[in-house]
């Protein structure tokens, strides 16, 4: 009967196809002469115009595509990676500098015969002057750095000299001006693409990089991949890799697999479970570096019941700090102990009274007038396995003091926007303190009306301490101020300090030369591939 | 020698979990060249008998016993291949709802041509012309045009003619017609019956006509087999059955037809027996006016009343 | 005359009204009916009695005991949060069946009367509803659900409404096909003559006839609804953390599966597969009744 | 012949009319949903804004005009192919879709082919030989396929064939790294063949096997069942019995039966294909297959509504188109449908 024979034939073809496919272990990748560093990243680059980039992915690309004013020196830790030495500053786009009349003025010497990679124009003081004009004109991220550094005026004092004027001495100037957005762009090329409704050519610059950095973009397939080429005329010499391919792989597991299969050299933003699985894989190494990245749960201190300080303190006692550290982070990173990270300067663990003590929590709740507990909605960003695991643990421990926690995963865009408009009742995310200075953190996060004060928190006494910290250069004075800073925040407890996260990155065994920067951005320049393997 | 001989044929149908005994030992013989009718009320097993002859019983039916010898070969023993050799070339069957019996998605001409091509080979062209030729022979107006039409464009009568045309092409020895005209109006019925007789005559074939209409039998056939509840009650020539029916059931049946001219249609009281019961004695006993104690106890023998005239009853005459 | 005393038992057996169950067994074979109904009953009972059963707490996280393989202590092992998968699979029955049933019932309650009315009234209304149902039949179910939930907010109620939305055309089409032939039936004409209001005719005379087919379609729609809800929660829509629900459990375990931790995803998937299988079987059994009646 | 020509036009006109009305219905629904989604103005204007900026943005988007005017604008925008701009890929939705449509089409078509190659022969045999092992196996596999959730089956196959056996590549996208395939048709299998790059072809086929198998197994039961049931019914019809009674050989009988099978089976295959385009969402997510479904899910994760609406519109439109085409195909095969109109 033709039906039956048809079926047998079909079955036969299937078996043969399977065996054939299995047998031909053609290498999955096409080998190429040039050495390319392939990095699997989670999402597409938002913009190539540094002042307007909000997400880590764009910051990282801009760090490597533009030449920043300054950079940190780096030292070897002997554990297979180097770390940025926050204390020593090196010049990058700026060759040398010196402070004048008591740190009120700074004379900058711009590095000579450096060239914009795509246009070939040499970098001059005009580019820097235009950079400052654009900062003021676009009222964007770069302007915040300029104002926080208390710069009042930037004037061009020669073809390759600039002078910056300060209202007060600025302890954070260098940490701010090594940021990835503080980098000159070819103002002539930018000027050609100005349009009637876009005088600073933001639309063109978001798609086109005209920098003088270590790499420059040669191809960009939105949603698929971006390829950077090494800038052969870079002043510190060409990078080891000819090209860097940023391959967009939204699924974190897929990124981990690509690394394990050897199809990519580095996989970023992986969950602890994936990193745990990769630790056992051959030819793969996972670097775990302690950083000042804290998992923080912020309260909206204006809405009851979280406007009551006793309630906030009660919740501080209801956090199982040890369990989170051992269970979720598998003992890596550190147990959090206050607003200043444990490894930060001026950190004082003795000031931290909170521990996992449900009795105390219940007592405080009673005092606060909520013996039978209350409902609380915790917003978190989707696709963050770590945050979700911590939230689930908190949900359980809070329920033991009759606080009903509802976890609400939101899309990252909505989560970020609602942070700005204070619409969360409670939120949780990991926060990275770029600058190891309580004043800077206070200025950014705890001061009344601060840009990232997503708690609507206000404590005038604390504001005064932060103001003093922002102009204090003498270390002894800073230590005294830092102590009151920590006491105030700990007693007020506007946020819960849940854990200090290690920065973990997985890469092929043969990739070396990794430098850990304070903002956890991946710097492609120092990386190289060990050939002896 | 009889062209077709059926002896003690038993057929049962499975419906749900019960079994229906459709045929309970049918004996019948059809002479070559004769025009025999199988007469009986609906549900008496006449169609099942016809289908058994051509081995076209549905999958739910199973033949428990008996033999069907057609042209010297036992039909029940044949394999599918041998059967398809006989069907069409030796034996053909046409059905009541002709419109349904034709494939809706092929044109009439094509279906007839297929039959011709299978049995006699030759190209498409020749087969198509043959189809038009036989269509014309059955009296269908402008056959070239109609050959291209599809079954749903044919009326009941026309469809029946197409089926008969198919038989014409196959030139069978035995044509079995299962109530070919019962769905048609009187005038078309008459034309179709007339056509069947002419075709059987031209092919010098034997006709086995299955019907419940006595008028059709007397008009077309020369021998009759009366069946009731899966059993043959009486066989004989049309004349013998009409004038002197030996079996009480045939007598009652004929009485109904005789009176049909009057308004009130007499009917045989009671109902057809439940086919699931094996049944004791004569199956007509419950409704038979002359029934006696013996009837419902013992199976009646088949007595020979006259030459070629048999009746299955304990008593010789009604 | 002996004729009209037919043997009692044969007629009775042929035409007597046997119970639905009896006819179902008769039509499909006893063990098939018993197996499917028994298993479905077991699942429903487990779902209902879940809190009383000696199970571990389905929402108790245990970070130290996360991703443990199946063992005597954790029959189905533990997931990334360290919760017991076996307890969650059992408790998930409540979430999945409750959501599925409510959405199907809502869909039927809207769809059936709509179908009855459009079948009975005919004319432009009938044409309009058939056309609309045909269009919605074509809608990409998961995609459209995502769009609606994105627009109206990702709450449980919205999930139930969206899935109910997809059941309306199924029931309106079915009921309509039952009602249309009934329009000319004598007792409906009689009711019309007796000036029974149209709605009265539709709901008291016609709709009851459609009850058996609707009743037999319910389990099948539940099967599709369960799959749809699981699919949506696999995309993170609908069920909130930490409510145990098969779709979200499969999604939670999906990433670990590639690294060898198969149990957090496989067991909820098996439970989902078994439930949908049983529901569609039961629906077939009921459908075999409908076919015999019409 | 004129008569049937007129018949044909009438039939086609009616079907195309149905297609237009349905498409308008679909666009109406997507418009209402887009409109409800929430005030786009806030998103576009950004957090730091004045009331005055808000007003002229409202005017610019035409949100103050009556609803039907906005709907007409929405339709005219659709006509020019402006499906809005995606907020997370930063590019117009139309170009995103053009980039991702071939991926979904390739996967759906191969899945359909596999499904048909599997379901139709099995259905034919099961239909003809009711009691045979084929019939039992067909019934079992149809039930399993229909009840098994595709996304779970996908995960299972990945676990078995990738994690454990390493027969097939990891579930990441459509092809291995570093293969330059060019974009003639956007179908990697065809493009690699055109480019004669055999290793690329091998890699793209290996990446296709599991997702296509998953989709085929879970969407082909409907084809299998309709083939089997129709075949069983057709075998019991009078015209098949007539063909047998005229001693027709088994091949002709099969040909007669299969012809009657074409209409219901081809309609079901068309329905499945129409459904597949939108049904691959979950499988694409599991296999990170960069198709339309995955694009819509990514957009949803970024609360970006324009792409979702565009994909819904596209797949609904595709379904209706396939629905009408299958209707026309059935009319070609079965003259009765043509008459019925």
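First chain written, first letter: the chains are A, B, C and D, and each begins at residue 1.
Criterion: a residue touches a chain if its C-beta (ideal position, glycine included) is under 8 Å from a C-beta of that chain, and two chains touch if they have at least 3 such contacts.
Source: prediction; values computed, not measured.
Visitor: Applying the touch definition from the top, give me the chains sitting in contact with each of subunit A and subunit C.
Guide: D
Visitor: Taking touch as defined above, what minimum step count separates subunit A and subunit B?
Guide: 2
Visitor: Closest chain to the protein's overall Cα mean, using per-chain Cα means, please.
Guide: Of all chains shown, the one whose C-alpha centroid lies nearest the global centroid is D.
Visitor: With chain centres set to the mean of the C-alpha atoms, which chain is at the far end from subunit D?
Guide: B
Visitor: When A-D is set beside B-D, which has more C-beta pairs in contact?
Guide: A-D
Visitor: How many Å are there between the centre of subunit A and the centre of subunit D, using C-alpha atoms for each centre?
Guide: The separation of the two C-alpha centroids amounts to 41 Å.
Visitor: In whole angstrom, what separates the CA-based centres of subunit B and subunit C?
Guide: Spacing between the chain centres: roughly 51 Å.
Visitor: For subunit C and subunit D, what's the span in angstrom between their mean Cα positions?
Guide: Roughly 25 Å separates the two chain centres.
Visitor: Could you say which residues in subunit D touch two or more other chains, in rising order?
Guide: Only 170-171, 250, 300-301, 303 qualify.
Visitor: Would you mind listing the residues of subunit B that make contact with two or more other chains?
Guide: none
Visitor: Residues touching two or more other chains, restricted to subunit A: which are they?
Guide: Only 251, 257, 382 qualify.
Visitor: Going by the contact rule set out above, which residues of subunit C touch subunit A in the complex?
Guide: Contacts found on subunit C: 59-64, 66-67, 80-82, 236, 240-242, 254-256, 258-260.
Visitor: Could you pull out which subunit C residues touch subunit D in their complex?
Guide: That would be residues 131-132, 134-135, 138-144, 146-148, 150-152, 223, 227, 230-231, 234-236, 250, 254, 257-260, 262, 265-266, 269, 272-273, 276-277, 280-281 of subunit C.
Visitor: Residues of subunit D touching subunit A in their complex?
Guide: 43, 47, 87-91, 96, 99, 117-118, 121-122, 124-125, 128, 134, 167-173, 176-180, 199-200, 202-203, 205-206, 209, 250-251, 254, 288, 290, 298, 300-304
Visitor: With touch defined as at the start, can you tell me which subunit B residues reach subunit D in the complex?
Guide: Per the stated touch rule, the residues are 54, 56, 58-59, 80, 83-89, 92-95, 97, 100-106, 114-115, 118-119, 150, 152, 163, 166, 170.
Visitor: Which residues of subunit A touch subunit C in the complex?
Guide: Within the complex, subunit A touches subunit C at residues 251-253, 256-257, 271, 273-274, 277, 323-324, 326-328, 382, 385, 388-389, 391-393, 395-396, 406-409.
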